[in-house]
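So, here's a batch of structures to check.
Consider the two complexes below, in which chain A is the common component and chain B and chain C are the respective partners.
Moving on, here comes the complex of A and B:
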């Protein structure tokens, strides 16, 4: 294999690939990237066996071929050279090393390689029918749903999100057993019958990093889901855990409604959260019937206290005190983009529903949170 | 339509099977739909599907044909891995697993918490321990009715723990429903410490305040541990109020538990206080016979007497001697005889018979009464000094070869008649005052 490639575009792809590679891979080959030179591009592939990324970058291919090299080492060297004007020359040597040199310069690097056959087999879904969706809308949906995606898989916590395609909408749901996000965006999905899959969290996180706004192609094949955006193909195994039946949680019984400006609410919560204690991170929201909201934090560990006030644009119902994990509110308010949000509450024993105030038909984003018990 | 058919089927089934069968197997079934000539029924789990299919398939067919729908066939399906209904929980607090055991380790016979080989019938009763033994038996036979609390005290190796274990074993065998807990005061303290560390004080309290019989060994360990005393005080009150049996053992009577709070001491004195005295020669011989039986050995009378007369008071020591003798005889391949016993213990008993001097007695008594040595030898006649001095003189007469004038000289040049008077005083007091007698005997045994 011998190629010449510009450092900057190569680095952009390497960055994407590096976030797939596990820092502590148990199998040595998984710390490596697969490089394959073909036609007029260099293909890079990285996998952790769950999530795989295949991407390409334009290159001058002198001799086609493939090799695998340690991902982080290659990444740091290419990063160090990305200021160079001249392209990089990469070629395999007879002693099975990868020779790397800026064209016409005297510095040279020889990296240890592993044979390409050792790399896990890459899947090619191109034979399957693709559903093309608006990438921006999908990413928006993922951002919203990642907030409440769990960090562990248990009965009511899923380290991923439920993705449902309906003919005219894209629905995603996630829960970590304390909160639930349900978002539905009007997207032309191109499916005839509803489709329902469970996508791992890492896949969603990596999907957000893929650039390009055009059409995102989604394919399903043999228990894998494939996302293709421009030259990049990201795919992963589907989760086989059961997503809990969430429908009943979605519409909690509430008797109080508050509508607040999102940004001032968020700003004040961020400020008051600075004194919250490291353990339960509690903030107590107290609404009085006149619609004045007090956000109070009392640090049990140090005795620090903080209070912020905000006037609701609208408040209906009786006075109420509800405690929340402050990050739960901040994360939701940080990810919605609308100007106003509404809180529908009953008491500190029952779920509160947070929603951005949206125009009709602009999709829904429901965020159900279990309050902290006050004592 | 579907609903109608299934409702009719259910009504008909209800009249044909026992109520419990209907409630267990038929009630949870739900109709799904009719597909052609198949009535699709959803069973809650694979077991229910299989059970109903195998045992009541015929019945269902019968019912359907009775309803005039013989062409309908029932097909049972179960929902594989039906997702659980999501419930959100308040963050931060993981639902804690229910406290390890609501009922404390209700000890079963031989469960290892107490020693099953300690039984009442293995206890050698003599005049020195008869009272304690009877009290323990009474408690074991009717806990919380006879003596509550029962406080047993006595020196080391006299059988306090044996009696406690016997009570626990007896209760577990004869009243298995009772929550019996035996533990040492030291373990009580350790558990309390760990409960504080793990924030499980509530569970800790629950564990000991809900038992039916609490046996606590070696409470003298609590001396100076005020936190544990406080906890025990409340535990004691809780148990006492709900009329649960408490048995306590210690190495001294409650009044002498210095460093234990008054309120706890006085509570220990509420019930019955039983002491175990060091065994007399006859009892010691009996113990030796009993123990040697357990070793499968017939101990000659003279050997038993030899050991018993040389080992002072401690049953544990007696047993140790016996084991030593058994080991010796099997090493040497010789039968157990007095000669062998003499050989075995020669060095041991000689080293043990220390020479008691007047000085040693004075030092010991002064220390025990927290006096200075020269106080004992001074001329003051203060009551707090006179009594110890008299005791010391008495001990010197009992334990040493010294004559009365010699003793007098050692006590700062007292006349021999003073010494004689002191000794008589002590004897007189001993005959009247039991606690005093106790104390003097304790001194005597500590030198012997």
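Moving on, here comes the complex of A and C:
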């Protein structure tokens, strides 16, 4: 294999690939990237066996071929050269190394390689029918749903999100057992019958990093889900975890509603949360019937206290006090973009439903949060 | 009653039991002067809350700890009812334990407000037992800005514990080695460590009303009537109690395990032992007011290889059913074709429940009902004995 490639566009693809590679990979080949030169491009592939990225960047291919090289080492060297005006020359040598040199310069690097055959088999879904969706809408949905995606898989916490395609909407749901996000965006999905899969969190996080707002193609094959955006293909095994029966908690009975300006609410919560101790992250929201909200934090370790006040744009119902883990509120308010949010509440023991105030037909974003017990 | 210090029998061990007086309520009264001299009740104020501590002003009204808060409100409606603030009690407790640590390296805390100290051989530093105890009380009072502690000094843990309760609050009782029997024998059997209402009734039926009555009873007759417990209380009634003061009691996990008489193979054989362990662990947690967020299953193979698997629980719990469910899920991660000689589990990542617990969105079906049922079973067993009730699906 021998190619010439510009360092900058190569680095952009390397950055994407590097975030797939596990830092503590136990199988040596998984620390490597697969490089394959053919036609007028260099293909890069990275995998942790759960999530795989295949991407490409334009290259002048002198001799087609393939090899695997240590991902982080290649990444640091290419990064160090990305200020160079001249392209990089990459070629495999008879002693099975990858030779790297800026074209016309004297400095040279020789990197250890492993044979291409050792790399896990890459999947190609192109024969399957693709559902093409608006990438921006899908990414928006993912951003919303990642907030409550769990950090471990247990009975009621899922390290991923449920993705459902209906003919005219994309629905995603996630929960970490204390809170749940349900979002539904009007998207032409091209499916005739509803489709439901469970996608790992890492896949969703990586998908957000892929640039481009055009059409995102989604395919399913052999228990894998494939996302294709421009020249990049990201795929992963589907999760076979059971997803909790979210429908049961999605529409709690509530008898109080508050509408607040999102930014002032967020800013005051962030400020008052500075008082909280590291272990106990409680904020108590107290609404009075006149619609004044008090946000109170008391540091149990030091006795420090903080209080902020905000007047609701609208409040209906009786006075109520509810404790929350303050980050749960901040994260929701941080990911929503709308000017106003509503809180639908019942009492300090049952779930509260938060939603951005949206125009009719602009999709749904429901965020259901359980309280912190106060006594 | 002979009084002499340096009497005919020497102190083999000097055991101190120190018990803070109405601790939670006393901390509140210390920090909020307007509460001083008034009945104060600290406890869970919710629907199923119970009294943690009642100040001495509230006790004449019949309010005592572990009483449902609703009943306390009826008995003493003018009392000040406060939710517990464990952070503050913890801070005060730290001060108290620091003082204890100055007196002895052998301190066995029983809870936030109570500890045993082994002060054997410390006479040279602190003087005879009574002087030691006076000094301990003074230093606790000083370190906590005025909290009082009742102290019992005796040659054994049991007698020291009874002694600290003898003249509460702010009490000091020293029981010399040759006074142990004369001190114990007039006391009612209720003072015997571990004698609950059921045992007391049992003892009353046998005509045993005082500790002296127990001491004079025949040990084999007691064993026949009360089992191993009979032997235990007979020893206590004679002042025989060689249990040492144990440091490092702090429960980072609560566990139970069973070494089996015969090796067993397969899930069906392991299950009942896990269930038994879950029951024991959950009961202990409920008794101590703890909730666990993690669970570990422990198996030992016939070849003495120890295998463990652990998981996070969906929400902090003290329910045996929840522990059992999680344990059975973990069981799927073991190779169960190997013969096992020991089965056990431990609940860890313990918290004191109550305030600051993040509630869970999803719950096992009927979880609350089950929880109430488990607590009721605890009460029944406490009152009528372990065999009094059994779960219908226990299958034994």
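Here is the rule we go by: the second predicted complex is superposed on the first by the 375 of 375 C-alpha atoms of A that agree within 3 Å, B and C clash if a C-alpha of one lies under 4 Å from a C-alpha of the other, contacts with A are read in each partner's own complex, and residues count from 1 in each chain.
Definition applied: a contact is a pair of C-beta atoms (placed from the backbone, for glycine too) under 8 Å apart; a residue touches a chain by one contact, two chains touch by 3 or more.
What you are looking at is a predicted structure, and each value in this text was computed from that prediction instead of being measured.
Student: Would chain B and chain C fit next to each other on chain A once aligned, or clash?
Tutor: Once chain A is superposed (C-alpha atoms), there is a clash between chain B and chain C.
Student: With both complexes superposed on chain A, which partner does A:372 reach: first (chain B), second (chain C), both or neither?
Tutor: The answer is both, since A:372 touches chain B and chain C.
Student: Just checking: does A:242 make contact with chain B only, chain C only, both, or neither of them? Give me first, second, both or neither.
Tutor: In the superposition, A:242 touches chain B alone.
Student: Could you tell me if A:155 is touching chain B, chain C, both of them or neither one (first, second, both, neither)?
Tutor: both
Student: Of the two partner chains, chain B (first) and chain C (second), which one does A:301 touch, if any: first, second, both, or neither?
Tutor: Touch partner of A:301: chain C, not chain B.
Student: For A:24, decide between first (touching chain B), second (touching chain C), both and neither.
Tutor: The answer is neither, since A:24 touches no partner chain.
Student: Looking at the overlay, what does A:325 touch: chain B (first), chain C (second), both, or neither?
Tutor: both
Student: Of the partners chain B and chain C, which touch A:280 in the superposed model: first, second, both, neither?
Tutor: Both partners, chain B and chain C.
Student: Return first, second, both or neither, reflecting whether A:106 touches chain B, chain C, both chains, or no partner chain.
Tutor: In the superposition, A:106 contacts neither chain B nor chain C.
Student: Shared contact residues on chain A, chain B side and chain C side combined as an intersection?
Tutor: Comparing the two interfaces on chain A, one with chain B and one with chain C, the shared residues are 155-156, 175, 177-180, 244-245, 248-249, 280, 282, 325, 351, 368, 370-373.
Student: Mind pulling up the chain C residues that touch chain A in the complex?
Tutor: By the definition above, chain C touches chain A via 44-46, 49, 83, 85, 87, 311-315, 326, 329, 354-362.
Student: Hey, which residues of chain A end up touching chain B in the complex?
Tutor: For this pair, the touching residues of chain A are 155-156, 175, 177-180, 242-246, 248-249, 279-282, 325, 328, 351, 368-373.
Student: Quick one: in the complex, what on chain A touches chain C?
Tutor: Chain A reaches chain C through residues 152, 154-157, 175, 177-180, 244-245, 248-249, 280, 282, 300-301, 325, 349, 351, 368, 370-375.
Student: For a test of understanding, state which residues of chain B touch chain A in their complex under the given definition.
Tutor: Of all residues in chain B, those touching chain A are 81-93.
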